[in-house]
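Below you'll find the structures, each written out as structure tokens.
Next, two complexes with subunit A in common: one pairs it with subunit B, the other with subunit C.
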Partner chain A sequence: MWEQLSGQMFFIGFFGLAAVWFGIVVFRTYSMVRSALALLFSQTALGAMFLSMQAEFLGVLQIMMMATEMSIMAIFMVMFMMDPGGLGKMEMTHQKRLSLGAGFVSFITAVVVAVFVDWGPVVSLAPDAGQQTVDLGLELLGRSMLIFETAGITILTAMIAATAVAIKPISRSNKHGS
Partner chain B sequence: MGLELILALITGAALFGVGIYGALSQTNLVMIMMGVELILAGAMVNLVAFWRYLHPDNPAGQMFVLIIMTVMAIEMAVGFGVAIARFRAKGSVEMEEAVELKG
Partner chain C sequence: MLAAAVIPLTSGLIITDLATGALFINAALVYVLVALLMAGWGPDGAYAMVGGWRFLGQLIAYAMLIVMPITAVVMRAESLLTTQIVVSQADLWNIIYQPLGFVLFFVAAMALAFLPPFDLPTAQGELAGGVEAEYTGVRLAVFRLGRLVLIVTLATATVIFYLGGWQGPWLPPWAWSAIKILAVSVTMLLAGRTMPRIREEHLLAWCWKLGVPLALLNIFLVGILVLVFP
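Let's look at the complex of A and B:
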């Protein structure tokens, strides 16, 4: 039992550290493609961390979703950046000191809350992966159905709106074929 | 066991801090979106840790993680839509050039 708990702690720490390290690399590299890949690795490490915390369904979902999302982001990076390879070492930051301060203060505040708040008794055992998926399915199609449906409609609306914003406006002359 | 919860919460805090730095310091719209993704990832770690170590018998915790994932996807879709529109209009997605949006 003790060995199993230590293993879980090790993997949470290891993947957590990897996620934070790759998160930092996102803003340290000049190459935008590397930035997108670093974010992909950060999110994948997070998925592995979820698996270590016995949230199997969410872990696999996170890895699958983020792999696709970040690949699309890498394509957009190549499309939109003036120097996607980072060979010119362009400076693309502003208000650096303020941002560092804000990030550091929010990190310290969250750590103080995490360490000093009494979170109550910790539960050592979690339901197995199959039971978790069944419970989540029943939750989504039962008590939380309205929230789930709202999320679905919102994402559909966002996709349609994003496509509508992104498509090239048709000029009147083109519309009539002249 | 409490140590695992603290470890996960500290990871969430670190991701949140890095995300705040990225969202505030970057001048490119796509890089700002990357910062926001990291902020949401920090929130997601906290939710999974709270579900696992405090209420593993209540699937509502996992449901909230799914909502955060939806928010991430929506942010990407809308952000890229805006980026394409901006690039088409001005030829760049540098936010320092978007001075006409200033109130």
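Let's look at the complex of A and C:
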């Protein structure tokens, strides 16, 4: 069995376990910033899994995007929480039973989808990174365009709305400097 | 350091010519943000923490002005390969072809390296050193050395994206790379020395209200140029 374990399989497994472990750390810590950084490491490990699977563009993109996204998440948490700068302690889990139930159902659903969906034949040789980027570009600007544009605009709207909520309204008296 | 691995100094002098090189440079540079946030938050002190969060706000804004001008550069080269980007400038350097992109990228690079007048995370006058405030000795030396490496990396990226990389007459390619990188590094270090530090809210407002629309305009203009003069 060990002879069949290629370097690629080893790294996919290693980064997969790292992603799961850092995902657990997100809820085991008592700090918003530690939690955000753990989520960042988890997502970066996923990016490393993409790289291990020879999906270079997706891997680099995942590693790049997640650093910005998790940082944005951290800044939003600090904006909304009663914890100046994220220096204080905070319980990172809420509604534990509901969360556990939802997590379990999601896990089972993901496993069922992964095992029972017909994914088609496995590609024996991955196309080179340049070709993958071309294929991905055509996919994103073709049949998947509507999905991605919808997701992008939804996220942008949510961010603008959240920022608008966080801004303290300027009262008329303050506006005139009194 | 990771970004430097995909930046060519001559046509053959590159650690790894990744097919996603231009994207990889951006990916590596984004982790400066994470590093500075951790450095500011780690010491559990007010000044350092404020410096770290300032940089986060600053870089979320200026990361857009790094990636969007790179997009326009990649559009002209029709490749993410950094060597191909240099070759695409054989006839005309990008500083002439897309000057708006160059200005935006250069300013954003200075903000990314928190050089004056964008040195808000380490503001000596108001935050007593900010992110650096709690570090001394070897740790401070490593921090400052890392920043110098970052400046050289950004200067090298500017050279390959806008100044024709190793290309130039008479001198050998490595000499052109060295001269250009040195010139850009010195310009970055000296450009803001005599300017007053920009206020945080002004910095963010200029970026989001002026920089991002100009970067979109740059992509639009380069798109037209690429279509009209292929």
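To be clear about the criterion, the second predicted complex is superposed on the first by the 100 of 178 C-alpha atoms of A that agree within 3 Å, B and C clash if a C-alpha of one lies under 4 Å from a C-alpha of the other, contacts with A are read in each partner's own complex, and residues count from 1 in each chain.
The rule is short, and it goes like this: contacts are C-beta pairs under 8 Å (C-beta built on N, C-alpha and C of every residue); 3 or more make two chains touch, one makes a residue touch a chain.
Since we're looking at a predicted model, the values are computed, not measured.
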| item | value |
| --- | --- |
| Which partner reaches more residues of subunit A (counting touched residues only), subunit B or subunit C | B |
| Partner chain in contact with A:S71 - subunit B first, subunit C second, else both or neither | second |
| Partner chain in contact with A:A102 - subunit B first, subunit C second, else both or neither | first |
| Which of subunit B and subunit C A:L61 touches, first, second, both or neither | both |
| Residues of subunit A at both interfaces, subunit B in one complex, subunit C in the other | 57, 61, 72 |
| Of all residues in subunit C, those that touch subunit A in their complex | 18-20, 23-24, 26-27, 30-31, 33-34, 37-38, 41, 44, 46, 49-50, 53, 56-57, 59-60, 63, 79-81 |
| Residues of subunit A defined as touching subunit C within the complex | 33, 37, 40, 56-57, 60-61, 63-64, 67-68, 71-72, 74-75, 78, 85-87, 128-130, 133 |
| Subunit B to subunit A touching residues, read off their complex | 1-22, 24-31, 33-35, 37-38, 41-42, 44-45, 48-49, 51-57, 59-60, 62-63, 65-67, 69-70, 72-74, 76-78, 80-85, 87-88, 92-94, 96 |
| Touching residues on subunit A, where the partner in the complex is subunit B | 5, 8-9, 12-13, 16-17, 19-20, 23-24, 26-27, 32, 35-36, 39, 42-43, 46, 49-50, 53-55, 57-58, 61-62, 65, 69, 72-73, 76-77, 79-82, 92-96, 98-100, 102-104, 106-107, 110-111, 114-115, 119-120, 122-127, 132, 135-136, 138-140, 143-144, 147-148, 151, 154-155, 158-159, 161-166, 168 |
